[in-house]
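Worksheet for the structure shown next.
All chains are identified by letter, namely A, B, C and D, in their written order; residue positions are counted from 1 within each chain.
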Amino acid sequence: MLDKNGIAKRISKELKDGYYVNLGIGIPTLVANYVPEGIQVTFQSENGLLGMGPFPFEGEEDADVINAGKQTVTMLPGGVYFDSATSFAMIRGEHVDLTVLGAMEVSETGDIANWKIPGKMVKGMGGAMDLVASAKNIIVAMQHVNKAGESKLLPKCTLPLTGIGCVKKIVTELAYLEVTKDGFKLLERAPGVSTEQIKNATLGKLIIDGEIPEMQL
Amino acid sequence: MLDKNGIAKRISKELKDGYYVNLGIGIPTLVANYVPEGIQVTFQSENGLLGMGPFPFEGEEDADVINAGKQTVTMLPGGVYFDSATSFAMIRGEHVDLTVLGAMEVSETGDIANWKIPGKMVKGMGGAMDLVASAKNIIVAMQHVNKAGESKLLPKCTLPLTGIGCVKKIVTELAYLEVTKDGFKLLERAPGVSTEQIKNATLGKLIIDGEIPEMQL
Amino acid sequence: MSSKIFKNAAEALQGITDDMTIIFGGFGLCGLPENCIAEIVKKEIKGLTCISNNAGVDDFGLGLLLKKRQIKKMIASYVGENAEFERQLLHGELEVELIPQGTLAERCRASTAGIPAFFTPAGYGTEVAEGKETREFNGKMYLLEQRFYADFSIVKAWKGDTNGNLIYRAATRNFNLPMAGAGKITIAEVEELVPAGELDPDQIHTPGIFVKRIFQGEKYEKRIEKVTVRSRE
Amino acid sequence: MSSKIFKNAAEALQGITDDMTIIFGGFGLCGLPENCIAEIVKKEIKGLTCISNNAGVDDFGLGLLLKKRQIKKMIASYVGENAEFERQLLHGELEVELIPQGTLAERCRASTAGIPAFFTPAGYGTEVAEGKETREFNGKMYLLEQRFYADFSIVKAWKGDTNGNLIYRAATRNFNLPMAGAGKITIAEVEELVPAGELDPDQIHTPGIFVKRIFQGEKYEKRIEKVTVRSRE
């Protein structure tokens, strides 16, 4: 079973040299800590930064340098600032290679719900709808089941959608899965997790094709 | 009767303090030489200059600093360079206060034809169609009649159109006219030109309302 | 000679009255037109429709207008971090229209650029697309989104000159740039106002033609919403 | 590590083959990707559809490709100043599509920004509108115009860094900026290539994400189309 850092670490193995990557708030943000050695990855933040670095040292925080999560950050050498229209030109124009974001539900056809729970205060979709409608490559980082123990990998989303048919991969504490036209294809088991456990935690159609390898982190 | 400089001079009286102005090639360019004292006018060139100044001194021409007519120019202090998409955002977004351009024909409803003569080599419309479709205030600077002696102020244009219902004012060697919903309204006669001469040179509907004053230049 | 220069926020905001639609620059609390917001609170202008990426926090940014019940309708992409907002919304005291962030940015840019409408993929297949025209281009589905028609745009820049040219610093460019020019009248407040000619014409982010009024803000608090730091080893 | 840096035009142009659609930056002869154009002449690539504001003059710019009959179709806003162009057009050897300049700029920007189509007023009521959808917004008529789908964009900048970030000088920004990112692959040639980190992140005009390949041009002639000067009194 993976913890949050484990999920981030598994996702980081999908990073490729030269990639431009947009990381959502939460677990996705942790992916930046596990960029494999020897490759260069540039992080985009949709409020207008490319080449985002780590948090600033104490006392060096700058109100003018924040990320999309409104946290103080730094810029790496070679980075660039731009405006919000240009930022979404990058996203909508498919110049960003990989988007990693969290989800409340994912359907077996790749629909994603992550912005609204009916009856609860709605905070807004922020940039999520643009990101999922535009990205060539979307990986969802989330828990396999919700707090009530119900599967978040469903035949059909029950919550209001953020986007349709867009999720390509999912990494949870239990598994690494691909969304195919036939359903969720199990690619890897988290360390110490059985295929049976994953099957029990997945409500949407799960494809188990042969022996499923355990993740190498 | 006005010469080219006279036409430009009459048009310059329509400039107002604080105006942003786009001048077309030919007579319109001359308007820049007659900006009334005490007012500030900023010239926009659609290839990406705001705050365009005069031609450079001999030997100071810079290949990177040209206007939309591809002539070497200079920039005044406080000027700014920008890209073509931003330039036409200024034009289309009606941020330019006045556009002055030449024409081959203008109709009594304000249609303009100035880019194409069937059977002749077509050079293209350049920025003219954007300018005439967008400007709040368009003044046409042209000769009243063409080389064959035919009126260029017509009931209907015979040449392919550049834009429809857009011309607000016309200054020719003979007159200063306004395009109204009822036709060309004669506002001023050029020095030494009679109302009769203007009537004879105008094929479109001409409105002569009372005594027509002579231009003061 | 006409001048774009105004003495302070109070003078620059002339003409803003109740029930107008106003576009506000900034992202979160970053790059906010602080002086204009404070002045609108002071002027007690009410019934506003505000277009802004966020709604501020309880005691800063547009949160200050919310607290005084000056906002009738909020058009934004993300409105978390604000308890008073939630209270007014749940009690039906506030109208809210939520828009995908990229669509919001592009609608502002379209307003500035005289583009009345454009197609975008964001929100296709979701409730955002309800009632909107959809169309396929090159095998992908898109929705038609329209520009705004706002009375004023209020933006904040780092440096400005007397011609209205603006330069933003770091991540404060955000929505300020596409919003500069988006309203009928654009007001820019700047940290430093310099004479025309002092800014490099190659480095100006917003050409002055988009800005009708400019003033140097009295002071900038520049509050940070989430201070995140790492310790020095 | 992957790198965007190429040694010269010959290497940067890898993959450009006959019958492709290529977008070229520049306005007139100002801000032209001179080295790439020279190399395409040398490579004798044929049947090209070229999207560019102008078609060069007889012996410079895209005129060099015209002379060698490498262009099948020219998409531009203004094609005067070129006798060979006129000859080929009148003899039916060349296809031409003329587009209003602002529409051309916006279609390039839309291609970069993933906007498939937008409404614009330019050309309404003229032959440019023939066969196009028209619609009224807020009492004014507009046409629907679509983005391009080009194989390559080739742009020219003043300075670039190894991350692909670009800074243009003076009026050379023109079509280069909206075209950077408009093709499937964007190639930038620059007068000076510097290491990443040397350019001020606030002053970069084209963020490197839009540029896939970059090289420092061997030399720049920067020809002037019309030298206009005033004499010193």
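Heads up, the rule we're going with is that a contact is a pair of C-beta atoms (placed from the backbone, for glycine too) under 8 Å apart; a residue touches a chain by one contact, two chains touch by 3 or more.
Just so you know, these numbers come straight off a predicted model, no measurement behind them.
A.B. asks: Shared touching chains for chain C and chain D?
C.D. replies: A, B
A.B. asks: Counting C-beta pairs in contact, does A-C beat A-D or the other way around?
C.D. replies: Higher C-beta contact count between the two pairs: A-C.
A.B. asks: By mean C-alpha coordinates, which chain is most distant from chain B?
C.D. replies: A
A.B. asks: How many angstrom lie between the centres of chain B and chain D, each centre taken as the mean Cα position?
C.D. replies: 28
A.B. asks: Distance-wise, how many Å sit between the C-alpha centres of chain A and chain D, to the nearest whole number?
C.D. replies: Each chain's C-alpha centroid was found; their separation is 36 Å.
A.B. asks: Whole-Å distance, chain A centre to chain B centre, using C-alpha means?
C.D. replies: 55
A.B. asks: At least two partner chains per residue is the criterion; list those residues in chain A.
C.D. replies: 75, 81-82, 85-86, 88, 91-92, 134
A.B. asks: For chain C, which residues are shared contacts with two or more other chains?
C.D. replies: Touching at least two other chains: 106, 109, 113-115, 120-121, 168-170, 201-202.
A.B. asks: All pairs of touching chains, please: list them by chain label.
C.D. replies: All chain pairs meeting the touch criterion are A-C, A-D, B-C, B-D, C-D.
A.B. asks: Could you please specify the touching residues of chain B with respect to chain D in the complex?
C.D. replies: 45-49, 54-66, 68-73, 75, 81-88, 91-92, 111, 121-130, 133-134, 160-165
A.B. asks: Any idea which chain A residues touch chain D in the complex?
C.D. replies: Going through chain A, the ones touching chain D are 17-18, 20, 38-40, 42, 44, 50-51, 75, 77-82, 85-86, 88-96, 134.
A.B. asks: Looking at the complex, which residues from chain D come into contact with chain C?
C.D. replies: Within the complex, chain D contacts chain C at residues 106, 110, 113-121, 135, 137-138, 140, 142, 146, 149, 167-170, 201-203.
A.B. asks: Which positions of chain D touch chain B when the two form their complex?
C.D. replies: That would be residues 27-31, 53, 76-81, 86, 89-90, 96, 98, 100-106, 108-109, 120-128, 168-178, 205, 222-232 of chain D.
A.B. asks: Mind listing the chain C positions that touch chain B in their complex?
C.D. replies: Per the touch definition, chain C meets chain B at residues 1-2, 4, 109, 111-115, 161-163, 165, 181, 196-197, 199, 201-202, 204, 207-210.
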